[in-house]
């Protein structure tokens, strides 16, 4: 059992053009910076990308948009990205907008081996078009399908060589859900430790869900909205 | 005189009760946190995965790993809890979040809300708005009563793409406080100096004035 | 906001005969001993009990069986309990046997506001009788409903006065799932601490799910199968 | 001579591969852990909520909070992870557990299994068995070939209440190793000293003997 790889280039070596990839993170918080960089360098294209957001113009998933590597984006909110809007309006990019809780839940159920889930979000809206509905207790629910991704790429704070992961603060967000959901899951971590260094009670993603793991480098961790208080 | 944004937030804050878990949307709703009545403990939820959202960090203490749903740097408080985004919306869907405050472009007299898309103009996505309006127990909308051209945003029915059906319970606008009932909008309070006539003229949807209508107090 | 109550008797004061109650725990591991004792003392009956197991004859939920407080038991495995078997065979007790993963998932979806879930477990068996089925990707799934419990009673290792909970080792089991699922959730903990003493990143059950909390006393923590190695 | 229980476990252990996550049922399956081939790393899952199940604790180190699915006191290992029971079955359902080994009362030639109930006699419940057989990627059954009266337990169809349909891939019994195929049971290996004739006479379901059938080795 050897899940440890040297770096992002090795981790993503089996990702090919045309594949579907999940990326953890919310905005620029908790995104797998190393793997995104490696995919941009590799230059594959026609990718379908499942991620809550699409990065900003010059960082995160925005870097893949700049290089026109994406065929389709599945996300809940993409408002931080002018190039995204341009590609969408020009028809270069196919976009499926998914309510945020539905997006999270469609990842989760993939990880639980549950094929679909009934949700209230989107009933009566554009999101409901073409979807099956059911009524329970007098309320209408949309049937939403589990995602089916070739790879999930997540970013954690600490991980061990067995693949166990711990996230820090709200950089957790979609990461543990996507870690469970990919056919193959790649985890990049800020600190890779030996088995036994993490408390078994405090693991957020059990190692069984992680196929490849490496310690990332040069994290920029860009802040989108720097809001502060003055010290009094 | 019509309320300013801070006053809208301040009036909404009066709806808070001790022990409430509250989700505040971006914009005016965020400002509600500044007016939590004294003696009342409220826990703020941020739908990216945090209960117990604290104030902005002191300069230099910002942490890229700790943001709210508006992507602003924030802090935790004693008793905070962090979780994944599915758990976060699970709390909302299962009715554990007592109150959601959010903005709107349009609200219809039956409680429909539109706040996520202007066809051909704005393609930002719905984020968590559809989940929140579909599932939250109690939704208050903070909004301007009319658009910049003076057209009513309280309508017989929404003209923009819908975010959720029959979900808004109450509106606090710059002109007053409105419950949404089976009979449409019911004006419960008016802003100081705003006449009932003005409210009537600026409300396109079905409007009733409550018998005990009164001036907003803070 | 005051979730802290003095003891189990106060915590359960609103539980009445005829109600449906979830009890956390797997076997005798991680069961809410204090609340079970209090319910036995209170003497209410006609309860519907949702729990993976039914305790043993003289401990855990078995104590409620002895006093004939249960009308119905919903569980996955009840093999450790002769009184249970007697009441079942005599028709005194109604029993719904549920596959363990389905039981866990029906708790979880209740906590997520999801009304039903499709599962593979039980297809073609007695469990499927009378249940709706759907086919996805060529496989048949049973539609299983979210549980609807008046109260959930869970046991945690540590908790704070805001209701945040941390479990220890495999005493976690069904506890966090049920904590999310009850209309009202009562948590008993071995150690109750002030807000800020638990790391926000390491909370298993966020406080929003917990309505009442107290520090339990006199935990027996009985072991069902004591298996050991000799020291060499 | 037919295999004893330890030998059945030992033969099943040969099916383990490096990196496998394995769920072992109660009884003979548990013993498989004693025969993991050297040089191979296997992680044991316990469906109550543990990956990386270690051996029984040393006397005096037992902890009531740390048990396996058979309710036995156990230990963790470096790299273990604890989780709730829904996550545990999520791993199984989503195909992340590579192998499940469990016992059976009856197996049918199409892979149906019965192992949870004897009507009127045994009302213990299915525990996790139905989840495991319905969802596990690869299921090996460890069982006695016949009951105490000498009746075959490898049948044309199950007579006891079913645990799961068409799910068993392989059986290791005291008499041999059998794959389950579209043509029913296929005998791949026989226990040392057990004749093909004996296997045929004790197998009620449709049986084929593989062309390359051979004696079991350990």
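Just so it is clear, A, B, C and D label the chains in written order, and each chain counts residues from 1 on its own.
Here, a residue touches a chain if its C-beta (ideal position, glycine included) is under 8 Å from a C-beta of that chain, and two chains touch if they have at least 3 such contacts.
Quantities reported herein were computed from a predicted structural model and do not represent experimental measurements.
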Touching both chain A and chain B we find C
Between C-D and A-D, more C-beta pairs in contact link C-D
Rounded to the nearest Å, the gap between Cα centres of chain C and chain D is 28
Cα centre of chain B to Cα centre of chain C, whole Å, reads 36
In whole angstrom, the CA-centroid distance of chain A from chain C equals 33
Flagged in chain C as touching 2+ other chains are 105, 112-114, 119-120, 168-169, 172, 200-201
Multi-chain contacts in chain B, i.e. residues touching at least two other chains, fall at 50, 76, 82-83, 86, 89, 92-93, 135
Chain pairs satisfying touch are A-B, A-C, A-D, B-C, C-D
Counting only contacts in the complex, chain D reaches chain A at residues 18-19, 21, 41, 43, 45, 50-52, 76-83, 86-87, 89-97, 135
In their shared complex, chain A is touched by residues of chain C numbered 105, 112-120, 136-137, 141, 166-169, 172, 200-202
Chain D partner, complex, touching residues on chain C are 26-30, 52, 75-80, 85, 88-89, 95, 97, 99-105, 107-108, 119-127, 157, 168-177, 204, 221-231
The residues of chain D that touch chain C in their complex are 46-50, 55-68, 70-74, 76, 82-86, 88-89, 92-93, 112, 117, 123-131, 134-135, 161-165
Contacts from chain A onto chain D in the complex sit at residues 1-2, 110-114, 160-162, 164, 180, 194-196, 200-201, 203, 206-209
